[in-house]
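Have a look at this one.
Chain IDs A, B, C and D follow the sequence of writing; residue 1 opens each chain.
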Amino acid sequence: MSHKIFQARHKVRGFECDYYGHVNNAIYLNYLEFARSEALEEAGLLLKDLKAAGTIVVLKEITLRYKFPAVFGDILRIETRLKSYGRTSGVFFQQIFRENDDKLIAEAEVVWVVVNPEMRPMRIPEHIISPFLGEKSGEPS
Amino acid sequence: MSHKIFQARHKVRGFECDYYGHVNNAIYLNYLEFARSEALEEAGLLLKDLKAAGTIVVLKEITLRYKFPAVFGDILRIETRLKSYGRTSGVFFQQIFRENDDKLIAEAEVVWVVVNPEMRPMRIPEHIISPFLGEKSGEPS
Amino acid sequence: MSHKIFQARHKVRGFECDYYGHVNNAIYLNYLEFARSEALEEAGLLLKDLKAAGTIVVLKEITLRYKFPAVFGDILRIETRLKSYGRTSGVFFQQIFRENDDKLIAEAEVVWVVVNPEMRPMRIPEHIISPFLGEKSGEPS
Amino acid sequence: MSHKIFQARHKVRGFECDYYGHVNNAIYLNYLEFARSEALEEAGLLLKDLKAAGTIVVLKEITLRYKFPAVFGDILRIETRLKSYGRTSGVFFQQIFRENDDKLIAEAEVVWVVVNPEMRPMRIPEHIISPFLGEKSGEPS
């Protein structure tokens, strides 16, 4: 995958941790949503603009693998990149690292589809996908 | 206060508890909102109907006193009643009890105001306040 | 799958819904955890007893498919059953239905492993797995 | 109040907003806890150190006034300062501002007490209070 990597950072808060002192399982989905939202913003794609243009991005499936528990005070780096895409849908690959030692905390594949206001799948507009493609890779060296 | 008491019940869930095994401080506001929502429904007041009628109930202030920590598995009974009201605003008094022994967990006063779609305070409609007044109590029969 | 089905119910609360009026994506993980917790309790397996016995159940992976949005006030029925298991790990299959019409809202596979206090995978104790196997289905072999 | 002001910043996330697009009422308590936690860290007071020293800070009461709704993407500045203190308890005053125009979003008084491991109120240790006092104010006028 040579697609552009978007980064977001978050410091684990006390109320996000459970009885074991670990970040609660569901909270990781908040982190991933936060990082996708930051990536969209960095890509110049505001949700309200997408919505105004009649384009809605809907989550279809998330596969989340827990690798190592994060704890209160950890600074996390969440990386988001496009893994693949087709005519109406795509997949993001996201990884959560502990910033100070790059320990992998969790990773996820997130499948989404673009729908119109009637919730029918529609062709992904070019301007949505292009910011995630990043630099061309195949240039001769 | 002889006003009608509305009751809601909730069993504490694991993800609501913090490192100490206690329900997180902010979660109590979720419990209180849940109980007010149930009270409104029992009173025949649906938020969408209120909104459709151009009547919005806005929170102004909450005072929450923590009395005793609730823990995973506790069954809580949340009581909601009208404490007082004026022309455009009112106060709910809410208490959270542990169901099995009536231990008081927390209590709150919740100040709200009724506004119109332009967010201007408006007189409280009669049908909003009457379900909370309950039976007259002390008059001679 | 003829394994025993455990059921839990939840009425969607206002603070669980997002800007679109839909239950937020991450909240579904709370529902699933709640339902697993209820299933464990019904199976006679308390987390504190498991922990005291040096047996910790750790989540490894969740795959969550969103089928249809739940909204404020929906009564949901969450079904939990054992899908498969091996020497040290197992998979739960969970489905979230809208109670009044059995509309499928979401479904998930949840992979877990049993570890000892040193976080080493260990053989699943018989008393953990047996309550989930349910009745023999008695077909002649 | 001439006591030292501690600052924390937070950008409102999508999952923190409700059906009206406003930050949910309970989420403000998360913001306030986050800001107090940052203040404690800046003051050199780590919760684990306090706990190890047999000193536990317990919330007794929060009064939260909602002034203006925050929305998705707002950058908030949360200010925390000591308002007053006595032998065993103290009060923080916290304000949440929208960073770009200093609009006041919410403010709170937070009453806490210091207890020992038996949950008995104890005299506030000097090193807990001194970082919050800030500059001496007592110059002759």
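Going forward, a contact is a pair of C-beta atoms (placed from the backbone, for glycine too) under 8 Å apart; a residue touches a chain by one contact, two chains touch by 3 or more.
Please read all numbers here as calculations on a predicted model, not as lab measurements.
When chain centres are set by their Cα atoms, the one at the greatest distance from subunit A is B.
The interface formed by A-C recurs in B-D: of the pairs listed in A-D, B-D or B-C, only this one shares over half of its residue-numbered contact pairs with it.
More inter-chain C-beta contacts link the pair B-D than the other of A-B and B-D.
Although subunit C and subunit D carry the same sequence, what matters here is overlap: shared residue numbers make up over half of all numbers found at their interface. Taking the mean of the C-alpha atoms as each chain's centre, subunit A and subunit D sit 31 Å apart.
Distance from the subunit A centre to the subunit B centre is 37 Å, each centre being the mean of its Cα atoms. If you average the CA atoms of subunit B and of subunit D, the two centres end up 25 Å from each other.
Across the assembly, subunit C contributes 14-15, 25-26, 30, 33, 72 as residues in contact with two or more other chains. Taken together, the subunit B residues at the contact with subunit A in this complex read 14-15, 17-21, 24-26, 72. Taken together, the subunit C residues at the contact with subunit A in this complex read 25-27, 29-30, 33, 58-66. Across the interface of their complex, subunit C is touched by residues 13-15, 30, 33-34, 37, 47, 72-73 of subunit B.
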